[in-house]
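The two complexes that follow have chain A in common; it is paired with chain B in the first and with chain C in the second.
Let's turn to the complex of A and B:
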């Protein structure tokens, strides 16, 4: 053929010529050509198995038409396909009649009824009646296969979607077909529940009502649901979601398939934490500390609460104020607070990160990579947190790239991580010594060194452990930048819109649009009128200043330093010593409960705007429900405070705020409201420009641990005591009590039995904890999750130390 | 506590070495587990999963697919009476009824003394010898009621010549080290399999 393109073939589908990629399955080619072939088992993000036979179509490759499953037949040049032939229709009727032999047809009481592919396709392609009169299969229904997912085996049509997902995508093959023939059923191993972090996806892809999610069961009917498309802000991945509500209450999130980020998958935390928005515990009115009784909080009105807040801010003066937090905020809210702080309060003491991230200038100055870059790179170098726990969908994408693609994932970490099953190499380093280990590899004749130097490299860099300072991550970034100049970076910052907050200048020394404080754009100068010239304090600095009495008013923008700042002692001292603590929050957290003025704010699903993910991808948030009580958006509170402080932010709506951002933020120039509202924004608008330079500080190697101490390693778990998890009734029980993991030899040496309580001593605190032996750890280290119910590792950590050591003793 | 006895653990490791991918050893190991206990326990499946590097659910999936892996205790002697066409025509139903009466259990049951389990089975490929049955998968042909009773008496003697349920012979074959495939996955095996190498034999 004259117009043939390499790797492309021409197929005739229902009389129309369709260009298809060589090797792609017929059903995929038909989908792109707008021809729908009914299916149950086929899923575009998983391998084909030809399980359900619903996609049989007439395929003619020159030997006459034959019925073939279109999900198993690769396209071939000259293939002629009829998806509506008489034979196809008869096949479809036959398959549906068979699928319904054992299906209970309990649609009226089934959660899936109304959005069920089996129901819909039976209506569209089914025979209308069945010839089967025999008794159907019976099973106990439903059985919980995990805390979140229920399984009704009677409804199951054995399409292999959930089991394939569990094995192929999630890497947790905890559900499997068991038995054979007529008794085939999906089951878990007895007493080994389907406790995957991604179990909720199986509910979404189940083509019948066999798998239902505990938090959604019997909550609503699909035809009662209202839906908008939005972006998840549980972590900084920015997965695309469909947010569904019924009677002004969030009832379900679904993953939306976008190529650049989540491929349709969500982690269970992001999928089910809508319960927190609906929580009874939400703050609905402003609270003020009772002047007569320090222990009491009194309900108040916005007028007096804001007046008190403004007074405290004025009192403290520019140098006496510190603003901590902001990664819960939308970009617009963050901008409003950045503008309030700098142009009206005239301070640069503001930081969206809680001493658990990386310096904003570093984040802005590293050459950026996208998630897609990482999934196509020759090598992904992970030197950061356990991605499975902290950025679960990034873990899923990297796992996919490593198991299906050519990408090799190499991890350098002080403790074992959830990525180990698919990494090519897991290099165990001492806590805080990742750079040293990486340097040694790069200067050796290791194959890896050659590959890193010659192939494409994406480095995922973040804080490996909360018990070590950010110096170890900075050293790693410096080393990679110097030794591997072609490498690009993904910064593994964890909190929702942390990247957006940094982009909007919620960090000392950086202004909106990724510019340094001494280099404001002329538009920013014009509109803001004033910007501080000196770089302010970061969170650690602010807390230290507050503890010393130098900062008198602390503003917590959705921040809970007592739980999240690595050093609880310092946070507690700061909150205690500060004369006024103003908290903008959804809930009474450990920190906001101690505040003097508490301003309730809108939560996820109650606000529109934009959010930015860890790549710098801006996507839209959509409001779905009206907020409870008199809560307000964070930007509104900023404008109100500005007015009470004698200024005016001139901000009137989220849209208008974005227009101003687009004007003043050089990196965001051209990202207009119109673009954000357009279809293009579904994939997110990638912003990668930055003019910020980072001067790498000289970093010292951490001190060697003494023979008696154990080096503390502490990372976060997906199920922890974070606010949204603990405020979601279905998720709260999933967070386990903390245990200290230690190498068995270290326990033996101290005469401690695995599973017994021990006394843990650090320079900061002495506490009793359960210690368990774990052979996968290095000797001389101790692993403690950062924030589990009832106990946070931050009691032991000194934020100013490079690394933290603990000692353990028998009780 | 590990499930496999020390000797069987050694054997399991040897069996795993016979395959390029450890997971391929799943079925032989299930046989080994069944030999040790007479049936496949949950502890066995969990341990096999660990040995071959997969999840217990996957081992359960494989194990439950095969009728001959028993996931509940069975008697010392498993009696399968064929109930398929030829045998049915030649009196399998009568034989089954007799067997049920003689053993005092229904089809699928195990006698109280743990000696016998009675099962109906599909065709055993001995249609010319109908009705037939198997005792621990060893054929008995043209079985009459009297012969069945005689067989029970014979099986109740101390050494009836039929090994207990689960006993294997194939699994214990010794494969010389040089003939094992080794732990290399197929894509990394460049040399032809040792058993294809005939030169050595000719010399």
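Let's turn to the complex of A and C:
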């Protein structure tokens, strides 16, 4: 052909010329051309296997038409394809008749019935009648293969989608085909459940009802469901989801395939925590502390609760107030609170992070990368939390890129992580010493050093351990900025909309639109009227001030410092000492249960607005259900408080708030409401500009642990005691009780048997815990998950220390 | 004298057979495919036929049916399969007795009886739940205080013929299309659609005395 393009071929599909990429499978080319070929096993995000034979089509490559599976045949120049020929139809009818030989017709009780590809394709391409009169294959009806997934082997058509997903995508090959011939079946290994963090995806991609999700089991039928597209805010990945409800109750989330973020996958935490929104434990009316009995909370009305809150804020004065939290909020809610705090309360004491993140100025000043950049970079340098536990879908994306050879992942971490199976190199460093190790590598003649210096680098930087201060992460960022100026960054901040909250100025020293407090935009000056000129306190500072009695009123914006702040003692003291604690929350958490005024707020699924993921990608949240009781959006509470404080935020709706954000936030200029409402926002609108500078402080190396101490390392687990997990009945049992992991030699030295209870002593607290030997740890370190049911490592941690050591003793 | 012509008609009718009945004391038999209020049937062993599949609710043009399924309790199963109808409600203020729910039901769980004489004093009574709809331990519909039945009205509550299949199809005439049912056992096969509606004279009427006697 005269207009031929390299790597492109021309194929004739049903009489129309179609341009396709060389090497592309025929079925994918047909999909893009709008020709649907029926299929069961083919999935565009996984490798082709040609298991089901449903995609047989007539392919003519010059030797006459021949039936070929279109998911296994790459396109070739001059290929002529007929997807509607008589032969194709006969093949489709035959395949469906075969599949239905053993597939039970229990569609009325099957959760897939009504949205089942096998049902749909039988209706569309099936023979109508079966000639098979014998008994079908029988297995025990659904067997739970994990706490979240049921398997009905009778319904399985052996398409290999779930097993391929577990192996190729999730990297947890815990389900596989067993036996042969007619009794081939998918099963787990004996006594080993399919306990993958991504097991819910197999339910979504199962083309029949063989895999069903326990939390959705028999909840609704597909035709009851109402659906909107939204973005998950469980962590800061911002996976695109379809939120489905029936009779004003959330019943299911499905992953939506967008190229930039989640590729259609969700982690089980994000997929199943809709149960928390439906929870009976939700707060539905404002509560205030009984003036006659300190231990009692009384149901109240909004008028008096807000009046009390306003009074406490006025009493405390602008220096005596601290606002903690805000990562649960949407961008609009965060903006309203940022505006309330700065222009009306006139304080800069506000922080969306709970001492477990990075300084906002640092986050804003690092040259940004996208997830896609990371997946294509020569090297991804991970110096941060265990991504599998904290940002599960980022782990999945990096794993995919690394296993396909698109990138190489190098990890520097003090403890083993879930990423180790696919990293090129896992460098074990001492807690708080990542920068030192990285420096040594960069200054060595290692191949890695050359690649880092010469190739593209995306650094994923975050807090590796809650038991070390943010100084170690800052040192790593400083070193990379210094030595590898071409490197770009993904900040591994975990909380839902933490990036959006920082962008909206919910952090000391930064204003909406990633500007420093001493450099407000003129539009912001005009609209706000007043901005504090001095940088305020961060969460640690606010809690210290509250504990000293300098901050009299604490506002918790969906924050639970008692569970999430690294230093529980400090948080407890602050909450105790503060005269008034105002909490805006969905639930009575450890902290909000101790508040004096509790204002119930809308939860995920009950609010619209926008959210920003860790890349700075803004996407739209959609309200699906009406909230319970009299709960309100956080921005409404901010405007109500503003009136009671004698001001006016002039905010009337989320849309109007966004218009104001677009005006005052320099980084968000041009991101109009119209763009957010458009199709473009499905992939998210990437905002990367920033005018914030960060001056790296000089950081000292952490002290060397004494011979008796064990350096504490504490990261979060996916299944922990976080509010949404513990309020979801299906997920709550998945969070394990905490155990202290120590190197066997260290245990031996102390004469402690693995599995026995020990006394753990830190400068903060002495507690009894179970200790278990773990050879994968370095000697002299102890690993304790941060927030497990019944016990948080934050009891041991001193937030002001660079690193934390513990000692263990026999009981 | 033209106006007397009208009286002539009246006079003549005095000697003809009466077509009106003393309703509600006397009731005409209802056609076999009469659509009254629903019942939820049970198998001969007492298990409920409903599996909570919601097909009836899905097909209902009046949106008057609300069903929710649930996992069958292992120790005390309600229906034979994995799933049973946990909630079943029909709002009779909305129901138009079109019988599409009966057509849709894959297990013959819901059928329409010949009972139609009920009036409610409040809206909530109009919503029949499983308590009212599921047949009693003898397989008979449960009589509600606001329903007027004469004895025998509740017979053949599940006597029904699908318009589509199987007995609507001549191939299936005289073939048993039923699973065994509490109260009726395996029912006689359907004979297909009748040529025409039976003549009134062919139908039996209950006299006032008979009705009284049966009550």
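Here is the rule we go by: the second predicted complex is superposed on the first by the 811 of 811 C-alpha atoms of A that agree within 3 Å, B and C clash if a C-alpha of one lies under 4 Å from a C-alpha of the other, contacts with A are read in each partner's own complex, and residues count from 1 in each chain.
By definition in this document, contacts are C-beta pairs under 8 Å (C-beta built on N, C-alpha and C of every residue); 3 or more make two chains touch, one makes a residue touch a chain.
Model, not experiment: these values are computed from the prediction.
When the shared chain is aligned, chain C comes close enough to touch A:106, but chain B does not.
When the two structures are aligned on the shared chain, A:223 is found in touch with chain C, with no touch to chain B. Within the superposed three-chain model, A:190 lies in touch with chain B and out of touch with chain C [touch as defined at top].
Once chain A of one complex is fitted onto chain A of the other, the partner contacts of A:485 are absent, as it touches neither chain B nor chain C. Shared-chain residue A:141: touches chain C; no touch with chain B. In the superposition on chain A, A:790 contacts neither chain B nor chain C. Counting contacts by the rule stated earlier, no residue of chain A appears in both its interface with chain B and its interface with chain C.
Of all residues in chain B, those touching chain A in their complex are 42, 45-46, 54-61, 64-67.
Of all residues in chain A, only 167, 172-180, 187-190, 192 touch chain B in the complex they form.
In the complex of the two chains, the chain A residues touching chain C come out as 106, 108-109, 113-114, 141-142, 217-218, 220-221, 223-224.
Residues 51-55, 57-58, 68-71, 81-83, 106-107 of chain C are the ones that touch chain A when the two sit in their complex.
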